[in-house]
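First the structure, then my questions, so here it is.
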């Protein structure tokens, strides 16, 4: 199973700042192994963030997003104590969902 | 801090169990735009994304360093004064131009920061979609060779 | 392959030729014990690499190096290093500056993760500014930008530059610069190419 | 079309200077590092390490919660700040990684020889790397506390200093070749002057770190291993005396300096 994300969500003046770190190799499909064979692409494709059942952010990633991806976005309409739920899915169909409480 | 984090970790395990058992339906994502991510030219990327070619705009700000210490991790941020519904990052000299595409629903600030890979020094474009039209800003980011080189 | 053989033969020849000089400086036994228990051979990096030649032994000992005895030793080692340098076999000092630039950019070779036969780079930009358009350069060595423009390419300049690249210890026994010819790190042709990067009027170094 | 956009881009670039000087290059690199500092992927390793610390593992299916890193069984806060140090039970000076191996052997039954034979990023070593990320995060912001007063610690400092200046290999490199002068760089990367307390603190205090060039978390053993590889030396055996002595030399020199681990490096 995929490793957990780190989600930091902080509220200031009604705005929620969300920083997400994901553990993923984001293999580009451009690299070669020691034997010279192309290492196939394997990367996160989709990410969705929701709060209280409402989608607040979504992303589609290509192989050019860096290994162990970092994402920072901001939204309004939630309060301290609410939880930001982030889910991703990769090219192999692996999925991961984690929560971060807004502080 | 320590015990707080442990609680988060326990909670994480619970959530992933819920996701695994299909209890989290809100995580359903849009279809990945394969054509856009496979495109090798700006024309083809824009064709796949829809909404026409971007128009350069001072309302779009691309925040990125002039020089990247390493091409594997280049921080890139987009902000705009426009009412953005979508954003995208394009890297001209990468094998595929589109690096990331973002949906910004109502209530979400017109802001995103992420990190991208760059194979070489290249122009990087920040694209913002507002009122169904694309706007853009760009800058050149120099990718340097570093360390002992071995 | 050939590169490695040259490397090995350089070690062997030094082990034979320099034995007399080396005998005067023995390793601290604690250090010797730690070295033998802490390293192993891997790939092309054999344990012979921790057998020091007299230059390495002297330069590893800062207090010895700065003593009058050490200073005298340095002079002798510089002389021996200078005497060993071979001028280009065909008398031509300058090769192709473009190939020289590629060598200067390349920092690979001679590590345990390099396959046998991997061509070595010159690693020049690691320590020197060279082409002013390259912004990623080190500063352990002096800037070489404008090298040929300020010096010209008369015979003494050609010889000195050739010697510096071939065996920098000929001028300073404890120079930080590798001995490219002594250890067979670069071939004669490669040294010519690096020479051209520094001295060819068409090289970006001299614009 | 793409072409019109590219043409516009090219025109805009004409005004830009062809090259930037070394000073502005390092300013821009500083900006790059600042932008990255906000989300250090070391946190992902730290989270995994925290779980591994309390997870029953090895043939004995025990946790590491009784592991004594020098401040008593199970004490993690500040533990990395006082390592390497002498341990009476093993009668050795140990760094964080060799001490973790001792704990894994004694508590969990994982033979140290097995760990020594493994590669970085694989097997038990992969777990050790995550645990190291967890442990060093709990010394962040503290001061290096390695006074080196025990006779065996003093011996290791002295040995480490000799190794620091030890030249060898086909490029005549020692640690001192790159790390004994102020304000030196390889390419655009600053080289701490480890012979001085400030430089030693800059170097010792910022490793272990996440390396963006490899996308991996590097422990101090791995940092040293790759320095020695680039020195063209033979392979330093994992957690061997030479590697611990080099760490001891750096840590003692850095004593009192600030710890900023886990770092984020090129």
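Just so it is clear, A, B, C and D label the chains in written order, and each chain counts residues from 1 on its own.
As a convention for this text, contacts are C-beta pairs under 8 Å (C-beta built on N, C-alpha and C of every residue); 3 or more make two chains touch, one makes a residue touch a chain.
Computed from a prediction, not measured in an experiment: that's the story for all the values here.
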item	value
Pair joined by the larger number of C-beta contacts - A-D, A-B	A-B
Chain centre separation (chain A, chain D; CA means) in Å	27
Gap in Å, rounded to a whole number, between the CA centres of chain C and chain A	48
CA centroid of chain A to CA centroid of chain B, Å	11
Distance between chain centroids, defined by C-alpha means - chain B, chain D (Å)	31
Residues of chain A engaged with two or more neighbouring chains	4, 66-67, 70, 72
Multi-partner residues of chain C (at least 2 other chains)	111, 113, 125-126, 135-136
Shared interface positions of chain B, touching two or more other chains	9, 67, 72-74, 77, 115, 144-150
Contacting chain pairs - touch in the sense defined above	A-B, A-D, B-C, B-D, C-D
Partner chain D, residues of chain C touching it in the complex	7, 10-11, 28, 30-31, 34-35, 37-42, 45-47, 49-52, 55-57, 59-62, 110-113, 125-127, 129, 132-133, 135-140, 169, 176, 178-179, 183, 185
Interface residues, chain A side, partner chain D - complex	3-6, 19, 21-23, 25, 66-68, 70, 72
In the complex, chain B residues that touch chain D	5-6, 9, 41-43, 53-54, 56, 63-70, 72-75, 77, 92, 115, 123, 125, 136, 138, 140, 144-150
Chain D residues touching chain B - in the complex, by the definition given at the top	1-2, 4-6, 8-9, 12-13, 16, 20, 25, 28-29, 31-33, 35-36, 47, 50-51, 186-189, 212-213, 215, 229-230, 266
Residues of chain C touching chain B in the complex	105-109, 111, 113-114, 121, 123, 125-126, 135-136
